Every structure is written in structure tokens, then in C-alpha cells.
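Take a look at the structures below.
Each of the next two complexes has subunit A plus one other chain: subunit B in the first, subunit C in the second.
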Partner chain A sequence: MPQRIYLDHAATGPVDPRVFEAMRPWLSERFGNAAAVHRRGQEARAALEAARAQVAALIGAGDPADLIFTSGGTEANQLALVGLSRPGGAVVTSAVEHASVLEAARALASLGRVHRQLPVTSLALVPKEAVDEAGVGPGDLVSVMLVQNEVGSIEPVRAIADAAHRRGALVHTDAVQAAGSWPVDVAELGVDALSLSAHKFGGPQGVGALWIRPGAPFAPLFAGGAHERGRRPGTVPVALAVGMGEAARLARIELPERAFRLSRLRDRLLREVRSRVRGVELNGPEPPERSPGNLNLSFEGIAAGILLVRLDLEGVEASAGAACASGSTDVSHVLRAMGLPPGRAQSALRFTVGTTTRPRDIDEAARRIRRAVAGIREGRGVAREA
Partner chain B sequence: MSAPRTRAPVYLDHNATTPVDPRVVGAMAPYWTERFHNPSSPYPPSAVVRQAIADARAALARLVGARPEGVVFTGGGTESDNWALRAGFARGRGRRRLVVSAIEHPAVLETAAALGREGAEVVSVPVDAHGVVAVEALEKVLDERVALVSVMLASNEIGTIQPVAEVSRRAHAVGALVHTDASQAVGKIPVDVEALGVDLLTVAGHKLYAPKGVGALVIAGDLGLEPLLAGGGQEGGRRSGTENVPAIVGLGEAARLAGAWLAGPGPRRQGRLRDTLESRLRDALARVRVFGPPAPRLPNTLAIAVAGFTGAELLAACPEILAGTGSACHHPGDAGSPTLRAMGVDAATARGLVRLSLGRATTGREVGRAAAALVAAALGRGGTSEEA
Partner chain C sequence: MRRERVVCAMSGGVDSSVAAALLVAAGYEVVGITLEIWPARSPEAMAHHNGCCGLGAVEDARRVAERLGIAHYTLNMREAFQRAVIDPFRAEYHAGRTPNPCVNCNRFVKFDTLLAAAGDLGASILATGHYARIDDRDGRWRLRRAVDPRKDQSYVLYGIDPRVLGRLRFPVGELTKDAVRARARALGLLTADKPDSQEICFVPGDYRRIVGEAPPARFCDLAGRDLGPAPPITHFTVGQRRGIGLAGARPYYVVAIRPGRIVLGGREDLEVRRFELDDLSWIEPVPEDRDLEVMVRAHGTGVPARVELTPTGARVWARSPLSAVTPGQAAVFYDGDAVVGGGRIVAVPVRGGCGSEVAPSRSGRTGSPGD
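And now, the complex of A and B:
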């Protein structure tokens, strides 16, 4: 059987071996509870704080204490939306946010808060004027992601934050898909809160972080202890946090090289597929104005689900939109918000490269994609004649 | 006392957290590397990961006598408690009363307090002098206004086992739901959801040799709880967020190991070691108090106070022991251990709580060393203040 090619790094990726090495001792020999006062607790505490500083450095946060560890990106988003929105204020999200932001906003709406959505362009970009046009006001919370997970668009978070702040609102950004391949700097972005998830940048699953600007009025979601300065009770998973810290350290050092490498691989895949397969359209912005690892392609006349099955037989692993929605056959809310024609939306697949992708994987993947598409198109031709 | 320490300290803080069992680390490792795939993805390696999660779910379900469909993996005990209380209370619809025991973990007590600020009527049920929930007192506050009753299965501070089956019977009689925080019980004593009769049960992975950052809420019936974390719809829509696959696999393996340990001579041996520690302290120290007996206790937990010492002072005087002064999550400043206070213990004594909690690997030698160290520390200073 030919080697399988993994092109779904936006869904998750393997833990970097260096990260795994860093984590391992904190599972077994050095297993202390960071809240315990004895030496084992103290060494765990010190490791936890070192990890916090590493994650803070990745996003340019001056004070690591402004970062709280969470169980992942979903929880970070939930904490941000629940913790920073206010009873009288509206929750304003883009129409292309991850389900964890949209569901949190919907849950708040069911409690009586107003949820408004900012529209996007056909490239999934939130227009800079959207904040003004939506009538954002004091006490509102605006949440717009930095990198879109399905089509890789880079949202104008700075401009949105400035506009929202002029109107007295708070601003959160979901940077889960950005960290590790796109610069993330809380000061440059000008936001009040920012979410991260470790498994999207070489760290382990089950750990994420929320940065909250000092002084931002934050109300915790969970109750039950003084962990994370009372903002996120629960025993902190030290090993996972250490893994996230190491992944953040590596991501910071290696960012320019990774971004360069990923975009070269991505560009190569786009070029190869375009040259081998007809009827291919790129959804989302044309590179380089897009997340380095992301491609989202529509194959004219082919249902995404059928192509996925065919690609699987060819040993290419890709996805139709977000991983968590892959059981669903509906067109993604992202492609719908972009206003893509139904046929194009229904034939869209996401290919995302990552740090373990090699150039020869790309060439081979392009060949296999060509074969899969041709197989389906020829098969359809046969069916027609029959 | 100033002799250089040549041996590793004796870790007697397993109620705060346990090391991950090496076999659990072994089971988890591939899921950080080759088998890293997102379980929600459409290609075959993800099906392998989904199967691993299903196996873990079945293993944990078996350990606690639940249906696999009833096991929802979470980020830990605190999240499970928060979810159980919020969603369990909300399911009571018109019912506004929430009943908790006085000795619950802060994850329960503070969530209850938060619900209280949001309009719930929170009633705290007292415990007796041995740290056991007073069922007659519970009976008095049970009526059709009660949405949810939450009583822990075993106390984290003193290890007493609570009459949860009795609580369930009485709470169900008035149509209330029942939650038990079994964080400290699972893996230490047999736990059976059906025998307990509870609707919701909290599991915290790192208390049973699984990693930190994973837990579960076990749901006995078809309750249709509102999720606490919404989003991608993982865990059957009940708990969103990319699954912490390695940790879930680890919790499954830990559940298997716990089942085997509970079926073997381990718990008895552990109980004997704990009793040895207890009697050595009682024999040598006239001023030691042991909390819990004659109430049934976890076999690994010994809660003591030595008159004249705060818990922190006593532990500071025996650096060869790593133990806690109660829950790792709150340092009982001046008020002393909340559990002991709820038992009617005076503040001075309650400040003296030292919780010694043994692990599966704790040896007789370690227990001997710990006893000797505690006795030396207590006599070293206590002798002078005894007559004062």
C-alpha cells in the first residue's frame, strides 16, 4: 500500500518530538499538583509558570499572569465570550467563526443577550466598516478570528479592534489557527482577549490558553478553587501545559522558517493541482494573503464527500471543512457566508500542510488528487452513457 | 533534624494527585505521535482513534458500572462538577432548591454559591462529628422544590465515605436528581453507579493514575443535559472541543488497572498500611487526633491533627514527608479545614489538619519512615508546649 499523505494539519497534527520529550517527565516522575505546597507541588508550579511565560512570549504578552490555561481552544473561546460579554451588551461575531464561538454566542443569546453577526466578503473577510455598520456600542463584545480555519483568510483584526474600541466595545480574537504559522502579537492586534489551542501548533490536545488584557472585566465560567488566580478553577494539567509551553517556544523561534516552508508547500500544491486538474477553483484569498498552510479547493461538478472517499482510497487525507463537522453533509456555514454558488460550495475540500509535510508528499498528493478527480469524472461519463 | 537527606521523600499526598502509571503512559504515548489524528476526521486513521476512545469509554463505564453511552469525557473533575451542578440544576425546571453537603469540594460548593447568586436557593446539609452526611438532616430539606442533591462519595480531606445510596433513595422520592462527586473514590474503592442510584457522577483522572486534564461525567439515564462547552459537537454534542485523545486513552487504561487493583489484594494491603501508620501515631503521640473513625473511610486516607501544631507547621518539621493540609485547592488559612469545621471541630484543631494519603505503590518501609518522622517532629516541639 502506498504511504498515506496527511493534508489535514488544520484539524490537528502530531506532537513535535521535542514537545513530547519536554512533557514526559511531568507525567510520571515529576507528577506533583501545582496547587500543593510541598516540593513536588512547587516544582510543578515552577514548570507551569515557565510554560506560561513561553506561551506569553509567543503572543507578545508582557505579563504571563494575564494568560490562563484551559482545556483547549473551545474552552478558551467559551470563557472569552461568557467572561467578557455583559448582560446589557450584544455579542457580535463574524459569520465565519469556529463553531465554538458561534455556539457560545448562541448560548448567550438564549439567555437573552443579543447576538449579531458581521457579514464577510466572498473571500471570507470581514469588511473594515462592518463594525460601524453593525452599530456596535459600549458594553458589546466583538469576536473576530485571526485566521479562518476553513479557507485561511486573515481577518483585519487590528482595524476591527480599533473600530470596536472607538465605540466602547471589547474585542476577542480566536487565534487558534494562527499560532505557529502566522504572527500573533496581542499589542499589535490591539485586542482585549485572545484564544489559543496547543494541538494546532505542535503541542498536545486538551490544553489551550486564553490571554486577557490586564484590567479587562472578566468573569470566570467555572467555580471551584483559586487555580489560575480564580479565573479557571481545576487542577492544571502540568504536563500538557509544559508541552504547550515548549510548542510555543519552538513556534516562536521557528515561525519565519515555518511560515516560509508551509507557504512554499502550499503554493506548490496549488500550482500542481491547477496544472493537472481542470475545473479547480480556489476558495478564499489568493496566496500570499492567506494562512501559509491552507488551501481550499472546489472541483467543478464533484461532490466533496465523493472526492473525499476517492482520495482516501488514494491515501490522501483531507477534509471538507472543519474536522468537527466532518460527519455532516451540509455546506459549511463559512462557504455559505461567503456567498459561494451552491455547486462550488458543495465541491469544496480543505488541504492543509504542516511541519511534517515534505515536498515529495506534495507532488505525490497532486498526482493522486488528479487520479481521484479523473476517476470520478470518467466514472460519471460512463454512468451517463449507460 | 539537620542530617542531610539521602532518601527521596515519602509521597503521601495521593489525594492531591497521583503519578501517571507507567502502563498508562505507555498506552497514551502512540496517540501523541503516530496516532495523532483528529477523531472527527473522515479518513481511516481517525476511525482507529475513535475506536480507542470507545474502548476507553467502555473501560471507564465498566469500572463504575455505567453504560458506555453515559460516560462523557471532560477536562477534569472541576469541569465535571461545574457541569453536573449547572445542568443538573437547570433540569429541575421550576424547582429552585439545590442541596449540597457541607463538606463538598470547592468545585461543588463554589458552583452552588454561583447558582445561589443567580437565584437558586442553596441548602447545605451538615455532617456528623465523624464527617458523615446526616441523612435525617437531609430528609428535612427534601421536598418538591429540590432540583438537585449533590453529595460526594468520599471526602477529599478526611476520606470518609458518604451514604450516597441512601441519599439517592431519599432524593429520588421527591423527584430530585442526584449528583455525586466520586473524584476521590473511583480507583480507591468499588464504585457502582447503579448501586449508588445516582444520576450523575464525577470522575477526575489524575486521582486514579491517569493524567491531569481529563475527567468524566457519568450520566446514568437519558437526561439530555445542556452542555457546558458547546461548539464542534464532540462527545455526542455533550462536550465540545477536540478530544484530548491521549489523556482519554490514558483514563481508559487507568480504569482497567484500577479494576484489576480493586479485585486483588491491593486495597486490603493499603488499608493495613494506613492502619499501621495510624496506630504508630496513636501509640507514640498522646496528643494526636484522628478524624473519621468509626465512620467508613477510604483505605488510603489518614486525617490527623497534633495538638500544638498547625498542619503546615507539622509538615514543615518533617520534610521527608510530602503531604497536604487538606484539599490542595484551598489553603485553609485561619479558619482551618472546612471539613473539620463542618464536623464541629474547633478552629485551632481544624488548623492542625494533616492529610496523609497513601498510593498503590506506598510501601511498609515508607509508612514506617513517615510514622517515625511525624512522631519525631511532634515530640521535638510538642514536648515543650504540652504543659503550657
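And now, the complex of A and C:
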């Protein structure tokens, strides 16, 4: 059985072995509740706070105390939208946000808050003037992601934040797809809140973080304890937080070389696929104006769902749209918002490389993609003649 | 050497589970596919009923595939299903007919769209858990009744394009239902003792929710006498006794459904020997001037009949009376145990009553009334 090639790193990736080692003691002999009084608890708390500092350092947050650990990116986004929006204020998102932002915004809308969407260009970019045109005002919350998860566009978060602030609104950014492969700095971005997820940059699944600018008016979502200064009650999973901290430390140190390496791999895959397969179109911005690890390609005349399965049978693991839905392949809201023709949107697959992807994986993946696409196209030709 | 790849449609029930298991045992590379046919968050998709389409069914199919060590995927066929099954289902009820959605699903979704998908996945063969047999004795592909007469599903398969029979397999068609269950138990499949689905697979509960509202109708008898207000025609089917709520000397049966009118009569008024078909589909050469057997519902036995082709379809002359021949259902012809073909029952002559006959609409993929 030939080796399977994993090109779905935007969905999740392997835990970095160094991260795994850092977590190990906190899952076994050093277990402890970080809220406990005894020494074991104090040790856990110290580890938790060290991890918090590491994550804070990754995003240039001055005070680690402004960072809340969460169960992941979805919860961080949910907390941000519910905790920072206000009754009477609008929730303004881009049309290409992750479902965890859009659905939270819709849930708020169903409770009577106004949800407005900022349109995007054909490259999934929010136009800089969109905030002004949307009539954002004081008390509103604007949420625009830093790196688009499906097509890898880099949103002009700084410009959006400045425009929103001029109009008295708060700004949140979902940086889940950025951390680890794109610079993330809360001061440079000028935002009031920012979401992260550990497993997108070499950390474990099940942990994320929300940074909130000190002084931002935040109302917690849950009641139930003083953990995380009352902003997110519940026992903090120390081992997961330690893993996130270590992953953040490594990501900060290694960012330039990772970004460089990923973009080389990505470019190589794009080149190889384009040279072997006809009828391929790139969705989203041309590199380098794009998240280093992300490719989104349409294959003329082939439904994404069927190609995804055929590729899996050939040993290439990719995704159609975002992976979060239950394996379903309805046309993604992102490609729709970009205004892609239906045929092109329905045939779009996402390939995302990661730190464990090797150049020879790319070449083999391109061969298998060619084989799958040709197999489908030739099979149909034969079927027609039969 | 690479094993031959087969796609097996897995509904989450015992039959398709065993079909997949038999193919695995025969040495194929089996890829299990479950169709998604409802919008992801609709009540139908969330329902954990015994039909073939909800989330629960997907989970069951996935667990069986895991147990068998085969790949399993869901494929979104909502559009094809809506167009080929649900829209005509609704339209037929509003036109006063009682559709058999399985016929269209098999014809246009499973053995067309899904078959094409199997080809796209590099599979030469598509298998399902249907109870029917396919063979190519004397060099021609034939569709035959299943070994188990109680479970035979060849009736709902008559619409298959004969050119694709060679690419289909019905592994459980060679077995009795008891043998299928025994096999499933022996394999430790969780679906072994799942009850057979009785209802329409995509309708958990009341079909009228799918069909939608229609204006109230009126009852009348065969003499043309008005018998008072009636629920909408979509609530009735020919041969129905329940839901009439009228006291007569003898029990009333629905003998005809016409625009805004439900014609009632006695049991004997349901018997006919002649009726009309449209939307014909033949697996074997068109059988004029041959004695065949005709079946007008999924279960029971056939009746000797002759078929006469007409400009719009065919006329069936049964040699003995058939009861409750229902417009919208299929009439399927058999030569021995081989399916010859069939069509949709569109007109059953009923003399008397009130209202005008339902004009047969063209059926097929869109099935919209009046097109």
C-alpha cells in the first residue's frame, strides 16, 4: 500500500514531537488542578501561566493575563462575538468568516442584534472601504479574519480595524489560520480581540485562546467559577495549555523558515498540478499574496465531492471547502461570496501543506491528482461511447 | 495485482450491509457510499428512523463499513433526489395519483447519478442491497426476481436502463431474508436485527408533510351524487377505506380521484381489467403480442396480461380482474421471473362518478403537473 499523503493541514496537523514531550508530564505524574491550593496545584498553575506567556509572546500581547484559554478556535470566536457585542450594537462580519463566527453572529441576530456582512472581492478580500460603506457605528463589533481558511487570502485587518475604530466600533479577528505561518501581532493589527487554535500550529486539538485588549468591555459567556479571572469558568486543561504554549514558542522562533518552506511546497504543488492537469484554476489570490500553506484549485467539469473521494482512494487527503461540516460538500459560502461561477465553485478542492510535508510528497501528490482527474475524465469518455 | 473496485450503496440497513460483506468476501475492493438526500439540518436528515436517509442511517452504514474494514463516504445527491424523486412525488399527489418514489429513485438517482459517481471513483461495478437478480444467460443481461419471493424488489427496478445491467450487482438477491440476517449476525454487524423499513425511506412519519397543502375536495358516489365535503385529494389513494368518515349501507372505498373530487364505491367497483400506462421503460424488447404477467403493486403475484402500445404509452389487458389499480403506481411486466419492463399507471377507466378525468401529465424527471 503506497503511503498516504496528507494535504489537509489547515484542518489539523500532527502535534510537533517537541510539543508532545512538553505535554507528557502534565498528563501523568504532574497532573494537577491549576485552581487548587496545594503544591501540586501550584505547579500546574505555574505551568499554565508559563504557557500563557508563551502564547502571548506569539501574538505580541504585552500582558499574558489578557489571554483566555478556550477549548479551541470555535469557542474563542464564540466568546469574542457574544462577549464583545452589545445590545443595540450591530455585529459586522465579512461574508467569508469561518462558520464559528458567522453562526455566532446569526445566533446573536436571532436574539435581536443586527448582523451585517461585509462583501468581498473575487479574491475573497474585504475592501478597505467596506467598513465605511457598511455604516459601522459606535457600539458595533466588527469581526474579520486574518487568513481566510479556504482560499488563503490575507485580509487587510489593520485597515479595517482603523476604520472601525474611527467609527467607535470594536474589532475582533479570527487568526486561527494565521498563527504559525503568518505574522500575528495584536499591536500591529490594532484589534481589540483575537482568536487562536493550537492544533493549527503544531499544538494539540482541544485548546485555543482568546486575547482581549485590556479595558475592552467583555461579558463572559459562562458562569461557574473564577477560572481565567472569571472570563471563562471551568478547569483549564493544563497539559493542553502547556502544549499550546510550547507550540507557540516554537512557532514564534521558526516562523520565517516555516513560512518560507510552506510557500515553496505550495508553489511546487501548484506548478506540478498545473503542468500535469488541464482545466485547473486557482481560487483566491496568486502567491505570494496568500497564506503560505494554502492552495484552492478548481478542476473543470468535476464535482469536488467526487474528486475528494477519488483522491482519498488514491491516497491523497485534501478537503472540499471547510472541513468542519459533516463531510458534506455543498458549495462553500466563501466561494459563493467571491462570486465564482457555480461550476468553478462546485469543483473546488483545498490542498494545504504543513511542516511535515516533504517535497517528494508534493511530486507524488501531483501524480496522484493527475491520475484521479484523468481517471474521471477518461472514464466518462468511455462510458459515453459504450 | 490490484483488486477490482466496487461501489456498494449502503443505506444503513441490513441488506446493503450484507451486500457489502459478500463483496468483501468475494475479494473486491469495496467502497461504501451513503447518499445524502436531505438538507443537512432538516428534520428528515436528523431523524433517527429506520429509513435509508437520515443521519442515523449514515452512522449505521459507517459503523458497518468500519467493521468490514472498507472505505465509506457520503455523497451529496440532494439535487438529483429533489429533482427526480421529491418534486414528482409532490406533483403526483396533487394530480390525484399515488406515486411510487422508489421507482424514480432507482431509475434516476441510484442507477444513474450514483452509477456515474461509481464510475468517477474508478469502480466498474455498482452494488446495492436490492432483492433482485441479474444474469447474462444466453448472452443478454436480464433482471430477474429475487430468490426470496417475499422480499423480491424487482418491481421497483423495472426502470433501470438495460445497458447498465452489466455493471450492477445485487448480492443479496440470491439469498433469503433469513439467510441475510443470519449472515449479518455471523459477521457481528450491528444492523443484523434492524427491522425492515416499512415507510417511504425519505418520509419519517406523515407523507402529507412532504406533499404540502391542497384545497379541500368533495366526495361523490358512482351515480354522481354529491356526498359532502372531503379532505384534500392528496389524502387519498385508490382502494383506500380509511379516512372517508361516511356511513353507507356498505363500506366505501376510493375508486377514483379527480380534480377536487373523491369518487367512492363498493369493493367490487375497484376491479378493472384494462388500464393505460405512460412513461414506459423496457429491459427486454418491446413485448407486443406476447402473454406476460403484470404486477400493479410491489408485492403479491402477477396476473396474465397483454400489452398494446398506444401513441402515448400502452394499454394493458389483464386476463383476470385486478383490484385497486392505482394511478401513479407502476405496472411491471414479467416473462417468467424476468422483468420485461413497465410503466406508470395513468388512467384507469371508472364509469360514473363526478368531476373530470385527470389528464395524464408527462412524467419523468421534473414531473411538474400540467407540463
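The definition used in the following text is that the second predicted complex is superposed on the first by the 385 of 386 C-alpha atoms of A that agree within 3 Å, B and C clash if a C-alpha of one lies under 4 Å from a C-alpha of the other, contacts with A are read in each partner's own complex, and residues count from 1 in each chain.
Quick note on the criterion: contacts are C-beta pairs under 8 Å (C-beta built on N, C-alpha and C of every residue); 3 or more make two chains touch, one makes a residue touch a chain.
Since the model is a prediction, treat every value here as computed from it, not as a measurement.
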After the overlay on subunit A, what do you see for subunit B versus subunit C, clash or fit? fit
Have a look at where A:312 lands relative to subunit B and subunit C in the superposition and call it first, second, both or neither. both
Check the residue A:202 against both partner chains and state whether it touches subunit B (first), subunit C (second), both, or neither. neither
Should A:222 be classified as contacting the first partner (subunit B), the second (subunit C), both, or neither? first
Which chain, subunit B or subunit C, is in touch with more residues of subunit A? B
Subunit B versus subunit C as contact partner of A:27, first or second or both or neither: first
In the superposed arrangement, does A:4 touch subunit B (first), subunit C (second), both or neither? first
Which holds for A:89: it touches subunit B only (first), subunit C only (second), both, or neither? neither
Applying the document's definition of touch, where does A:376 land relative to subunit B and subunit C: first, second, both, or neither? second
After the two structures are laid over each other on chain A, how near do the C-alpha atoms of subunit B and subunit C get, in Å? 6
Do any residues of subunit A touch both subunit B and subunit C, and if so, which are they? 312, 325-327
Considering only the defined contacts, which subunit A positions touch subunit C in the complex? 302, 305-307, 309-310, 312-313, 325-330, 375-376, 379-380, 383, 386
Please name which positions on subunit B make contact with subunit A in the complex. 9, 11, 13, 16-20, 22, 25, 29, 32-34, 36-38, 40-45, 74-79, 81-82, 105-111, 113-114, 204, 206, 211-214, 228-234, 240-247, 312, 315, 322-325, 328-331
Sites on subunit A touched by subunit B in the complex: 4, 6, 8, 11-15, 17, 20, 23-24, 27-29, 31-33, 35-41, 70-75, 77-78, 98-104, 106-107, 197, 199, 204-207, 221-227, 233-240, 308, 312, 317, 319-320, 322-327
Partner subunit A, residues of subunit C touching it in the complex: 5, 31, 36, 40, 55, 71, 73-76, 78, 116-117, 119-122, 163
